[in-house]
Amino acid sequence: MRIHLVTPIVTEGIRTLDDVAELNRNGLSITQSLITAGPASIECEFDEAMAVPGIVAEAIAAERSGADAVIIDCMGDPGLKAAREVVSIPVLGPSETAMHLAAMLGHRFSIVTVLDSVVPMIDNLAKLYGMAEKLASIRVIDIPVLDLESDPARLTEELARASLAAVESDGAHSIVLGCTGFLGCADAIGSALAAKGYDLPVVDPIPATVCIAQAIVRAGLRHSKRTYARPQPKTLKGYPYIDF
Amino acid sequence: MRIHLVTPIVTEGIRTLDDVAELNRNGLSITQSLITAGPASIECEFDEAMAVPGIVAEAIAAERSGADAVIIDCMGDPGLKAAREVVSIPVLGPSETAMHLAAMLGHRFSIVTVLDSVVPMIDNLAKLYGMAEKLASIRVIDIPVLDLESDPARLTEELARASLAAVESDGAHSIVLGCTGFLGCADAIGSALAAKGYDLPVVDPIPATVCIAQAIVRAGLRHSKRTYARPQPKTLKGYPYIDF
Amino acid sequence: MRIHLVTPIVTEGIRTLDDVAELNRNGLSITQSLITAGPASIECEFDEAMAVPGIVAEAIAAERSGADAVIIDCMGDPGLKAAREVVSIPVLGPSETAMHLAAMLGHRFSIVTVLDSVVPMIDNLAKLYGMAEKLASIRVIDIPVLDLESDPARLTEELARASLAAVESDGAHSIVLGCTGFLGCADAIGSALAAKGYDLPVVDPIPATVCIAQAIVRAGLRHSKRTYARPQPKTLKGYPYIDF
Amino acid sequence: MRIHLVTPIVTEGIRTLDDVAELNRNGLSITQSLITAGPASIECEFDEAMAVPGIVAEAIAAERSGADAVIIDCMGDPGLKAAREVVSIPVLGPSETAMHLAAMLGHRFSIVTVLDSVVPMIDNLAKLYGMAEKLASIRVIDIPVLDLESDPARLTEELARASLAAVESDGAHSIVLGCTGFLGCADAIGSALAAKGYDLPVVDPIPATVCIAQAIVRAGLRHSKRTYARPQPKTLKGYPYIDF
Amino acid sequence: MRIHLVTPIVTEGIRTLDDVAELNRNGLSITQSLITAGPASIECEFDEAMAVPGIVAEAIAAERSGADAVIIDCMGDPGLKAAREVVSIPVLGPSETAMHLAAMLGHRFSIVTVLDSVVPMIDNLAKLYGMAEKLASIRVIDIPVLDLESDPARLTEELARASLAAVESDGAHSIVLGCTGFLGCADAIGSALAAKGYDLPVVDPIPATVCIAQAIVRAGLRHSKRTYARPQPKTLKGYPYIDF
Amino acid sequence: MRIHLVTPIVTEGIRTLDDVAELNRNGLSITQSLITAGPASIECEFDEAMAVPGIVAEAIAAERSGADAVIIDCMGDPGLKAAREVVSIPVLGPSETAMHLAAMLGHRFSIVTVLDSVVPMIDNLAKLYGMAEKLASIRVIDIPVLDLESDPARLTEELARASLAAVESDGAHSIVLGCTGFLGCADAIGSALAAKGYDLPVVDPIPATVCIAQAIVRAGLRHSKRTYARPQPKTLKGYPYIDF
């Protein structure tokens, strides 16, 4: 089984296959691509919108090259619905997947993310996914995406601090990491919470979404074409890289 | 006061200033543009996504040329949030505006639109706008957008039939026309309903949104920059026509 | 176009046409009347109820004298539904109008009002209008309505303080002034918030509602008679001033 | 214990103590009064509003004369909140009470009422009372209030027909009679449903509310003065019959 | 009339008829039984589940011995739905009953209970009962059930402290005691709140539920057999004490 | 990896490992057990309650014998929360899992189940899981659980008919099989819908839940102990088979 990860930015080096190497097991192969048109990072609605044509192009390419499922590597789930329309394989968003998983794992969950500017986006996704009443709070660490790798110790510390506040003040029973750039931080946060006496799951969205994508493929399920009907052929100007 | 209408398709001749000429009154001037990259018409999530970069470009241009407000001429409100981030003048979506207006005019409203494929999109917008419990139903007439002008009599007849069903079966107390391509049909539908004894408003979204845009400008209001913060400058590849 | 403002109290001098003089522009004429039976001010459900017969009488008189729309000058929207039943012209409540406007201007809004005793009333209106999930919080400044004019500096200061708390603690992205007696305070509050780095709209309900009333009249819209059917003629005792 | 029933209309002979005589048991005494200012019957928002000052006056008189609780004899619960503010004894509305009772008795309930014109009113009450998701439907028999007594057989038949439709088409598991003028019809409707194989409760709102009022008095409970604070003394013009 | 109280634990001496002796008035007789299989106290979902077979057995026995209604003496309402299926007399849960009562008595209510471990249970009940939007908060005093009687002064003090916080920080307008082991504490809490200037009801769930059970019996109402159909006869292993 | 399926009935032969043999792949081993105390089948709340002690016992035994996760083989998810408290491995309910999966696969889903008597149970689960607004409808085929195997052709036909009605009348975009006894019917229903032109997923809950359980184990996730804290040791009478 092969799952293709579309990292919806144009910045080289932010995410590589090395980061997700440990997911290549149990007969699973992961491939990954950046997009060729789009923003350096995703931190607002404008960034998301600029990434979608590139995401759609990569999803089409992934299906043509035989991938079994596509994951859009961003917690804003940009282009999730459009990509589902143009391919027949499952397309997963880590935000949708992680919210549903967290909803199954405990009473309410909080999302810890980067900046104030993405809070309305994530809050709106929770509404669309029917998860609003499961969402205890959204907290931010106030570090821009492109600075996440500059000080790993501070990143973990800020995530642990925000997660602890979510547990103690907002009633969170699970934590969802609210940026795919937080990859690999879940264990440290879980340990920090455990040290305070709180035993609860911390969902790292990309690994969790890879596992759920595998599950959906194995269960023989696909997205509904009642919801995501294939677009009718018609003129499309300005996107030579979209071969649909 | 000048309000700029972005018609988010690349098809010439679907909407022209002639269609909205009667709105040029009360000191109001309307300008209009198509987009240069995007789809022929908007009938699904993919179409919407492909239109957004072009919409954003037109919104920026409209603000630079001195427009007082921008309206995105499509009931999917594509690019509404992204456009609000990149300009400071009000940007209105006819779907959001018409739903709020209809919510103020009666107990519940129904939306009558083109095709099954846009129903989840509109239903999701109602959720995002907090209008889900005001929405009695969404009904479709099953005519594609590019065929709307081919048989005006049939169009009006189908719209009246769907509206009547919404009133009699779904409890609609107001009707919202669910495609901006239905421009000019409201009076005929209202008359058809009145002939059956039902006295209720039919909201034609573009004229209604023009009037509300005027109101917002006159009231000195703008969108919140807490919600729609201006994007930080950073690399953006593949959109030479976006000068931001 | 003429819009009639019904100020639903019997206290002379609280609101005069001078206060709203600046709204008399763009071909708009504003008229105003107090009610002849009712309370000195509106601060609870009892006050509201006592104001409604007088409001209904003024709405009928306004329509007979040729007004194009009626606005009920109180954030409890007293008599809004009853008045809509007895006239055919649009009747607007500043609470309903300002909430829908604020919902369109940003992610969530807070309402800043006078006293604890009106909080349940406003909270209930938000539920009825379908705005509950857009409402971040209701905050009070603890100044009775009839004392609002005694110390304008303190009034503005308390409103700014409560608005700032709504932004910083409750996640408000827009502010709605929750008493029509706060007329004219919006700019000062907006400036106070901007000084703290928060760029967001402050909706002054009466000017905003006047602009929206104009928009509704221009768009040729009226309230649904499915919702607000004209009452059947029958005995009504004790209200000689209601000529219906 | 004495419970006072305020019948909020000015029409003699519609409701008398004879109708509720059987409730005078278990140490309970029922008294009743009409209002002196108000409508002939209550069938819309305007009627309700005109009844409220009279209701408030009767509630004050009832408390002064030693009643232990007040019930407002109309399914629109007119003046419920205002009356609670001006007295300290419990004031019950049959709509609120019957909805909460029905919510406790089965999965979802339907309300069967008189006319289309009261449907939005009752639907809004369900929202305010937090009962919207327990409400399966509202159905009407299309008989005006003042005609209810003219053909008792037809009344029962229409109520049974509407109740059956609520059970079979809307998923109702309990029925609430949606007009206090339906007093005494519950058994016949229950029998008609049982004859079709449906064993479910039919709540007759006035007897049920009398029993709940007794329960509240016996439990030593009163309405919250945080919600229903006593109005501050101030000028009130035009209501000589309200001695508050 | 006889109402039977099922105390769903196996611990002798926690609740006796002496505790509820004052409810034996107005022609009402109260009987009580413990369960023969189950936990020492109820503080989590596992405890609840273990209590249900015993509760069902006692409900069947109560109906056979002529009781008019059954009350399950625990704020988790364990076995409420199962017991309603196997008997025809009303079965009441103090949690459901107290929430609906509190919803009728004021704008929003808070529940003050024992331990963090029961918060999700009570929060879920509020959702099931349709009371989620009436629930201001759930606060805990952090005292296990079996320690409640060890220090009555501390118990009252902690309940008053938590109730005061619910009023001042969470917007509670009524308080519901969230454990039937708090029987008899309502007056002291009400007085403590009144001393701080807050005049609001404190619902003691067992006495309140007894009064409502009486009301339901007097009103001739029973639970809907559409919701709580009698189970079909079939094999049941392992419960010799359930004679159904 | 080993996943243990608890079939929560005492009837031999309804479900055997043969039925789920095809799930034993990808390094996964499935084991299964019936319960020793409980009902013949689960069709109401009483049946569910009687099954829970047995389910808890099997979950404890499964963890002790080294299982990696437990699935409760019934669409009522009986004992789900109690079982999560007493073990540390993940415990999954097919109802919760299938609803979340269906929510991710399309706009709204319908559940097709056995009998009217389970509809309130499933509807309540949807509320608890936050899935109420994703649930288009629940439809029944009116065949008791123990008769499901007697006429496989009729079973498939009735399921296809109910699923088609859900799609055409209720707006379902995905179907969830609402009884684990429907195992193996999904493909036939999907084909029947496809023959009518509807391309949408049909979720067979046990295979789907097995795949998701695998995913959760592989992702290293467990249920939150904030929600499902381990019960404190104390007296438990009447359950000798529960060794906790």
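Here the chain labels run A, B, C, D, E and F in written order, and each chain numbers its own residues starting at 1.
Simple rule for what comes next: a residue touches a chain if its C-beta (ideal position, glycine included) is under 8 Å from a C-beta of that chain, and two chains touch if they have at least 3 such contacts.
Keep in mind that what you see is a predicted model, and the values were worked out from it rather than measured.
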| item | value |
| --- | --- |
| Shared chain contacts [chain B and chain D, defined touch] | C, F |
| Third chains touching both chain F and chain E | A, D |
| Rounded Å distance between chain C and chain E, as computed from the means of their C-alpha atoms | 43 |
| Chain B and chain C, separation of their C-alpha mean positions in angstrom | 28 |
| Numbers and ranges of chain B residues touching at least 2 other chains | 107, 120, 127, 132-133, 173, 226-228 |
| Interchain pairs in contact, sorted by label | A-B, A-C, A-E, A-F, B-C, B-D, B-F, C-D, C-E, D-E, D-F, E-F |
| Chain C-facing residues of chain B, complex | 26-27, 92, 96-97, 100-101, 103-107, 129-134, 167, 172-174, 198-201, 203-204, 207-208, 211-212, 214-216, 218-228 |
| For the chain A and chain E complex, residues of the former touching the latter | 107, 133, 171, 173 |
| Contacting residues of chain B [partner chain F, same complex] | 119-120, 123, 127, 132 |
| Touch list for chain C against partner chain D, complex | 10-11, 36-41, 43-50, 52-54, 56, 79, 81-82, 84-86, 116-117, 120, 124, 127-128, 144, 146, 226-229, 231-232, 234-239, 242, 244 |
